[in-house]
Amino acid sequence: MFTATHRVQFHETDMAGIVHFSNFYRYMEEAEHAYLRSLGLSVSMTRPDGSVIGWPRVRAQCTFEAPAYFEDVIEIRLKLMRKGVKSLTFEVEFYRDERRLARGSLKTACCIVAHGQPLVSIPIPEDIDVKFVEEPAESA
Amino acid sequence: MFTATHRVQFHETDMAGIVHFSNFYRYMEEAEHAYLRSLGLSVSMTRPDGSVIGWPRVRAQCTFEAPAYFEDVIEIRLKLMRKGVKSLTFEVEFYRDERRLARGSLKTACCIVAHGQPLVSIPIPEDIDVKFVEEPAESA
Amino acid sequence: MFTATHRVQFHETDMAGIVHFSNFYRYMEEAEHAYLRSLGLSVSMTRPDGSVIGWPRVRAQCTFEAPAYFEDVIEIRLKLMRKGVKSLTFEVEFYRDERRLARGSLKTACCIVAHGQPLVSIPIPEDIDVKFVEEPAESA
Amino acid sequence: MFTATHRVQFHETDMAGIVHFSNFYRYMEEAEHAYLRSLGLSVSMTRPDGSVIGWPRVRAQCTFEAPAYFEDVIEIRLKLMRKGVKSLTFEVEFYRDERRLARGSLKTACCIVAHGQPLVSIPIPEDIDVKFVEEPAESA
């Protein structure tokens, strides 16, 4: 499991006084990117041949169990559940202290990304060596 | 089916040159609110007794099939799939012209919302008369 | 004067129950882009030689006079105040009905934009023919 | 001077490959709130009489000197320039390493905030003791 943290900002709340649900998908991605960073990787990598690899989202879902509030420090717990030939699937849980706020999942595909061109799905290159890690929290 | 439209704004794109995936959840909500508006309702309603009813999200998911780009006009097709005692479930499809870009679902719960108080789930009041509608597109 | 409109979405409000101030800068840009669209132009244009012209912001400021609320329809009134050799300066006012909510300005520079390259400021090409227009409102 | 840091997230970039300018206003606010937190204060405070004090923005401006990119760690340097009877004025500078990216200012007013009520400007209470501080960076 990889853990990132995020302090809720004012602009992330809505008129219901809680974090707008769409931000949980952003937190999910922040944790995924912090995880890649912890491996020395980036979600946007230029290959030796000049092509750029990106990880467009295939599917994301989230179930909301309790609200998050301004200034909460949210712990985002990320688990790599499956490494497919061309995709990664993560499970994500959101905690404030010992209270789970939400849980979800994220599937991303390995693609060649060129501006103005269709995305081309490719097998994950061997040197993109994602794995299960035990890491101290990084502030996302 | 209820249909809303949304023109993609520059600030909704990301460095991959496409609409950031988190915005699809916002478009989903924009269509839901436009639907409620078309019925003379609002997602945030003050009741005669002064209490405020809101619709916090229980679960939202989306599968992404093709990217959306700056200045695209996206059609958001919303179907009310289930009206439970205390919740509503919508199915959503996103189109640009005849191309489907994404599809997903959204479940919301009817709650009493008071600032600084826990959300209290309640049965949907009878006068909140959601139903299937055939409406001309409203710009979300 | 060019006029665009924007209906306030739920995710644009914050826990103070009003539109978060940062969104006014986004509305400003939405109106600028709608203005360019009305002239058959786009904020991101590929030139015959393959280079891409963009308009990075040089300066933006806004003074807030009254809050905007969920579902408000905001009128964004844009005036091109100055066309310099390499830049455009707009004045912007935000209204709800006859009430002015905010006023500000935006200065943008004409640049060659290439990914991963420094921005290069250039004289505005002659065929980018911005001017004062009187246009019916377009929903931004 | 108070210093906060912010790591640029993917969803904060736009199709020009750089941080969308509207986010600098959010970073400005993140630093202001981190500064208040460092003093044991919050931007949203409930008073002994039950009223809530907030700090709506009066004016914000920013001049952009160089782009910020995905994964940059931005240093936000905040100076309290003026403590008026009812308002605070901050100057803000944004740095990546020794390169200044932008500079701006933010004026906020002390107000009683009640949902659905007009904001009421009040003198800053004596126990809200803002001052110049020298603090180690907090991740915003």
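Letters A, B, C and D mark the chains in the order given here, with residues in each chain numbered from 1 onward.
The working rule: a residue touches a chain if its C-beta (ideal position, glycine included) is under 8 Å from a C-beta of that chain, and two chains touch if they have at least 3 such contacts.
Keep in mind that this is a model prediction, so the values were computed, not measured.
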{"item": "Identity of the chain that, by mean CA position, is farthest from subunit B", "value": "D"}
{"item": "Chain pair repeating A-D, as identified from A-B, B-C or C-D when over half of the contact pairs by residue number coincide", "value": "B-C"}
{"item": "CA centroid of subunit C to CA centroid of subunit D, Å", "value": "23"}
{"item": "Gap in Å, rounded to a whole number, between the CA centres of subunit C and subunit A", "value": "31"}
{"item": "Centre-of-Cα separation between subunit C and subunit B, whole angstrom", "value": "27"}
{"item": "Junction residues of subunit A - those touching two or more other chains", "value": "10-11, 15, 17-18, 22, 26, 29, 44, 70, 115"}
{"item": "Subunit B residues within the subunit C interface of the complex", "value": "7, 9-11, 26, 29-30, 33, 37, 42-44, 70-71, 139-140"}
{"item": "Complex interface listing, subunit C residues touching subunit A", "value": "10-11, 13-15, 17-18, 20, 22, 70, 115"}
{"item": "Residues of subunit B defined as touching subunit A within the complex", "value": "15-18, 21-23, 25-26, 29, 44, 54, 56-64, 67, 113, 115-116, 119"}
